[in-house]
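In the two complexes that follow, chain A is the common piece, with chain B as its partner first and chain C second.
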Partner chain A sequence: MTGAPAPEAAVPAVTGRGRRLPRTLHPVAWWIWGIALATAVSRTTNPLLLFLVLAVLGYVVTERRTDAPWARGFRYYLWLALTVVAIRVVFRCVFATGITPADHIMFSLPHIPTPHWYAGIQLGGPVSLEATLSAATDGLRLACLLCCIGAANTLANPKRALRVLPGALYELGVAVTVSLSVAPQLVESVQRVARARRLRADGATGLRALRSILIPVLEDALERSLHLAAAMDSRGYGRAGTATRASRRTTAALMLGGMLGLCTGVYGLLDGTTPRALGLPALLGGSLLCCAGLALGGRRVRRTSYRPDPWRAPEWAVALCGVGTAVVLFLTVGYNAADLNPSLYPLRWPTLPWLPAAAILLAGLAAFAAPPPARTPAAAPAAPARAAAPTEKPSEALL
Partner chain B sequence: MRGPRTPIRTARRGGRSVVGRATAALALAFAAVCGGLTLGAAPAAATPQPMTACTTTKGVVLAVDFSRWGGPLLRSCGTTPTTGYTLLNQGGWATTGTQHDGPAFICRIGYAGYQNGKQYPTSKDEACVLTPPATAYWSYWHADPGKNTWSYSQLGAMSYHPKPGSVDLWIFGATNIAGTQGRPTFSPDSVRAHNTPSGGTTTPPAKKGATTGGAGAHTTAPPVKPTHRAANTPTATAGTKSAGPSPTATTPSASTSTAAAPATPGTASPTGPRTQDAEPTAAAGHSSGSVLPVAITAAVVAVIAVAAALRVRRRRNAGHAP
Partner chain C sequence: MIRFDEVSVVYAGADQPVLRDVDLTLEEGELCLVVGRTGAGKSTLLGTVNGLVPHFTGGTLAGRVTVDGRDTAHFPPRELADVVGVVGQDPLAGFVTDTVEEELAYVMEQLAVPADVMRKRVEETLDLMGLADLRHRALSELSGGQQQRVAIGSVLTAHPKVLVLDEPTSALDPTAAEEVLAAVVRLVHDLGVTVVLAEHRLERVVQYADRVLHLTGDGTVTSAAPPVAFRTASVAPPVVDLGRLARWDPLPLSVRDARRAAAPLRQQLTGRPVPPARTAHATDGAPALTARGIVVRYGDVVAVRDVDLDLRAGEVTALMGRNGSGKSSLLWALHGAGPRQAGTVRLADAPSTPVESKAVRRFGARRTTKAEQRRRVGLVPQTPTDLLYLETVGAELAQADRESGAAAPDGARDILDRLAPGIPDDTHPRDLSEGQKLALVLALQLTTAPDVVLLDEPTRGLDYQAKRALIRIVDALAAEGRSVVISTHDVEFVAASADRVIVMAEGETVADGSTADVIVASPAFAPQAAKILAPLPYLTVGQVEGALAAAGTGTR
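And then the complex of A and B:
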């Protein structure tokens, strides 16, 4: 931004009334924010901190989500999170292991005796409060992780996020983009067919209704894919470029070797029993090979991007909000590390470490750091606006 | 008019449900946490006993080796039937599980009469969040009555029911999965109770110097390893002193013969740790903590939820404005 004044620089970030101009934040900024928050969550099982994270996620999503189809999905992530917690708790109740004599027993399930040689697993029996709470907090942590990724998914435009992929993965990115847009398009298709059926006063239910919905939807899907394929073909997608057979093979070999190195390196780092030489060196070697493969693969096709996403102060602020939280929870400086993982044995109220709590609230500042999202004008005749919004032109659907 | 209106209505319901359901879920979880702390505890069946109550056929000897931290090998006695876990959580003993595995995994062990009940390994050495590595953990060994070899426990402490007259041993260190490496360096007979089986049924409550008093009923030192003297040889318990950690202890005194090893020169074994008897003491009490942090968090979460709800309402109103 230090060079010639970019055309965007002329546009004031804040309008006269003190309201910032709506624009979409760089998707990578939201992803950094979400992943950093997920990393922070993985450090703690303190239910108070986890509830704070959930509240912050909910607030930022409400504040900064767009009206796009993928931006309406946060509630499904919340349901998924609730399911995770419920499954955890139910399993812990049924396989009631780890009940200590000092536990607070809430109720007893019918106990199915297991033979002596199978003593490790118990079916049914007393359900203690401690075990249930520990299962719930453990589930809550996983739920929070899911919601962090869900929030990033909701806030960031997946199609624009795929634009930052390296050139070598371009075809992969196109495939992912096309598949990503299938689900919202199907939903929209079903809604459209249902509306048409209502207009025709088609009151059929059951199997006949299914047929009268399914066939138009499938036909719609097929037609869309044909249109998409034609549009892509006319824009030059799927062309191999100037790559020779030898260069393609070199790229493939480099990528395969790099991936092998990465896998071995991660395994070596995480498993304490493997020789030390397997960990970091293999990881570094693998990433080097991968980078070389990506660079070589990216050289064969030259792509330009139309309307690139800018990376300005709000992007920095959002990313730093998330990373700051993760750093505070990983450094464990200035507070007691045991507060991050409070023990339920013996049962006691969890404590709230101030620094991590403040750091999590700091991540919530992303709601203010990010500019307001560009919304489709919610005009009074809502139906046409909604019908128009999700139907993308092929060029938009493809990065 | 019905057709075009429907999407608006569904959209509105969706907006309310996100916030509403999230709030409901939070409230439910808080209620579960709050309601739970008022329930009563289940009674324990097995009871701790003074070391004199354990014989070669009755009671279970619990031995825990603190030599890694410069401490003694502490011995206790408990009644059967019991589990390895109960034995390790009575009479002043306490354990901590891991966050990942729950209390069934013994991550820390502490005894109220040793270092004021401090549990080892400390949080500085082991966070007890994930399962500790096989290179540094409390491994669990049994010696059945009459046997002089240790066997690595094939069951967890909660699933294992020690036989009367057997020895349960916990040592800290490294083993392999099969338990063939990292075996204890001393024999079961050096920690086993050698009191005669006849006398021990109704042992009077431990009085001052209970270990010395009970020493009369002891047989001689283990014949297998005579150099490996234990606290139950009469000479070794000369320096018994009271080390009651808590004034509210129900037993009259908590006798640990802390001065045993230096008081008896010439009996120190080059391999094994010094053995001391850990008499039953009252467990260190714990507070249930303060409700304040929970209340503060609830308030903050409520404020954020209200802000989100206001935002949703404002946006909806803006959408309805012409």
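And then the complex of A and C:
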């Protein structure tokens, strides 16, 4: 994962008065940036642009991730991306499809004859350069999408991102947080019961053994959730639920309608074949309905949030960097739109359209727009930070 | 601050009310201790304070409970969160967030406290509870005592006027328990918080209490100052038992007061023969189990480090040490169901079982010697209910009989009746009290007639009566010639039940000797009777009683 050398040239004047204080960027800013970049990626199959996106992602992640455990996950996304590309290429080779007579044949796999009722699929046979390349670029685009989401996940604590959900969706956020923390407890409970199971003299296996493990674990889980519910209740969760039945129903209807509109709109916008007229209005309408629903639902909630992440200039800058890229790749103004999806017939080296390339480099500016991440005090003095015992790792960098 | 007005609570399907005509007033800034036997309704009484009973638990509450002028009938628990803070037994089960700081802020977020006030209160509470170093740590990584302090801190940030603590130390080792109780006492004295505290192990808290609410067991509650209440209370710590026995007036509640009152008693007892703390069984000294070089490790962590151990038939051994010192790992390794990386375990007149390698484990060779080892060693785990999965006690017992085959001389039912008489067959195991559950699992484990019985922290959540019952059970097991090992934190229980004490630290045995030698040697570990009567070598109140009785018959 080498950093992109290109952004070096465009260092903006971010220093202002002296050095900026390290802090964590608002998680939503990173998510907007990541999702916008993913949208931009979905428009192109030009391998040069895609590699540029990967380089930018790698650079920003290495520059601006924290030292929290969840921030070390980017390499797994890269592996996942590589697997996606590999699977696509292998499948295209094995199930030889989409080969035209004009293709350059690289080699031939042994052909496996399929029965006549299975004639639609061909196993083995000639492998053409064009088909393999098209599979590779397709896979690369998917891989880039994955890495965009992965980068957002690495740069912003997913749980903190849930905390900024609007009041009406607060319950949803709590449910996700609680289930995330319950999962390890369930694993621990299963291990404990399975171990205790060995104390009984019967050597039951199969269904009987399953039952003897499942029942204590389920009883344990039920008891624990009752404890948690009681604890949350006595600590004020769900206070001041003054919503009337009618307002709750209105909220639900608004949200459902809004979501439907949003999905239609996103589909219309991203799928190049649907008319543009479907996409934008549906998206806008859906967003409006959702906002109305959230506002109505949020009105009944009285809650504050502890140490909320501020939304300041760097947040705007990061979000705009991402959105700018997406806009340039969508408008297809000022460059040849065909350069985004270069044709493989005739086979030639793809050209690098300069405007989209510059736009992708613009997304890379996020690395400079964002303040440096905060290091946790415990990890800072220890020279080999990796050597610290796993139990000593603070799970969040706040200061 | 808290008023109970003719309060009665009946749960659905119960023919007896749990609480009956409770009429009480608790003043501001009081530390109020709720005592009573298991099942007497302590948790119910605590639950009524913030409305969890009946809003959350169901049941019917007659009468009126008012807290700071608010009637719990009209205010559900969440609307009382700014007045009443509730902390339960298992802090981990009540945590909603992941890190210390967020957990402290949670209740304030719900109460819509402004952000700047929130920030300040979190910092204050971090200092108050001594948690400043841990602020960024994940809650699951903390020790039990730290978790419980976070749980208390997390309700304190709402600045409640009342703090309700339901057995906050029952899952902690003595040091962690001290830590938590010290924090609670400081809150009462410095902040004037009214604390309502239920506790099983009274010896540590009675001296701090301003008022004792005694649940007599028939639903009524008596309220009195501690010296008066403990004159007749059905549960009492050893210091009170000794005071009652010696008829001291006023009844001393702390070791310090008792020591000052005990000078005449010490004089009276000097020179008398000290009766043994417990009737020794005829031990022939033959080892029932010999373990050599036991090593248990989990990854890089060495839980048990090269431990040698001889267990003799008819001997009761207590295994002590702080949480995480390797007690459980050692017991599981001795039993054979837990991992063991090195060392041998040899049962009397049986070939030793070598370390089982992965290959052996996988290909079933352990069925020969390991199975034999497990048949002859019984283990009751820390959470006994993990072993129970059938709907009725009868079904569990029948299942145990089938599992053991013809090995047992008598059935599981007979064993259970000897351990804890009067548990009907059709009861659901989950409905039993803690002590009964323990007896049931012990009975299941005894059906294979093991020579060695291992009990992993059996005293958790047991009241004084249940502990006495457990001591009787353990005595009976030892009298049958079995070797019993009990891991526990409870020094009073050890004094009354064990012949021998092994203290573990960091996976090694740091002390091994007779109970009197080991637990009296360190002042912090010593039971209350020993602290009061030192330098006389008494461990339990029972011994004093015996000595006085012998003296009485001798002089007359």
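Operating definition for what follows: the second predicted complex is superposed on the first by the 228 of 399 C-alpha atoms of A that agree within 3 Å, B and C clash if a C-alpha of one lies under 4 Å from a C-alpha of the other, contacts with A are read in each partner's own complex, and residues count from 1 in each chain.
As a convention for this text, contacts are C-beta pairs under 8 Å (C-beta built on N, C-alpha and C of every residue); 3 or more make two chains touch, one makes a residue touch a chain.
These numbers were taken from a predicted model, which means no experiment stands behind them.
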{"item": "Touching partner for A:177 - first (chain B), second (chain C), both, neither", "value": "second"}
{"item": "First, second, both or neither for A:47, with chain B first and chain C second", "value": "first"}
{"item": "Contacts of A:198 with chain B and chain C, given as first, second, both or neither", "value": "both"}
{"item": "Touched partner set for A:159, first chain B, second chain C, both or neither", "value": "second"}
{"item": "First (chain B), second (chain C), both or neither touched by A:224", "value": "second"}
{"item": "Partner chain(s) touched by A:212 [first = chain B, second = chain C, both, neither]", "value": "second"}
{"item": "Which of chain B and chain C A:302 touches, first, second, both or neither", "value": "second"}
{"item": "Partner chain in contact with A:232 - chain B first, chain C second, else both or neither", "value": "second"}
{"item": "Where chain A meets both chain C and chain B, residue numbers", "value": "195, 198-199, 378"}
{"item": "Contact footprint of chain C on chain A as seen in their complex", "value": "159, 174, 177-178, 181, 184-185, 192-193, 195-202, 211-213, 215-216, 219, 224, 227-240, 302-308, 376, 378, 391, 394-399"}
{"item": "Chain A residues within the chain B interface of the complex", "value": "45, 47-48, 51-52, 54-56, 58-59, 62-63, 72, 74-75, 78, 82, 97-106, 119-120, 126, 129-134, 136, 138, 140, 191, 195, 198-199, 272, 337-338, 341, 343, 345-352, 357, 361, 364, 378, 380-383, 386"}
{"item": "List of chain B residues in touch with chain A within their complex", "value": "2-4, 7-8, 11, 14, 17-19, 21-22, 25-26, 29-30, 32-33, 36-37, 39-45, 85-86, 89, 96-97, 99, 101-104, 123, 127, 129, 133, 135, 155-156, 158-160, 286-291, 293-294, 296-297, 300-301, 304-305, 307-308, 311-312, 318-320, 322"}
{"item": "Chain C to chain A touching residues, read off their complex", "value": "50, 52, 55-56, 76-82, 84-86, 88, 90, 92-99, 101-102, 105-115, 118-119, 122, 136-138, 140-141, 154-155, 158, 332, 335, 337-338, 374-375, 378-379, 381, 383, 385-389, 399-400, 402-404, 430, 444-445, 447-448"}
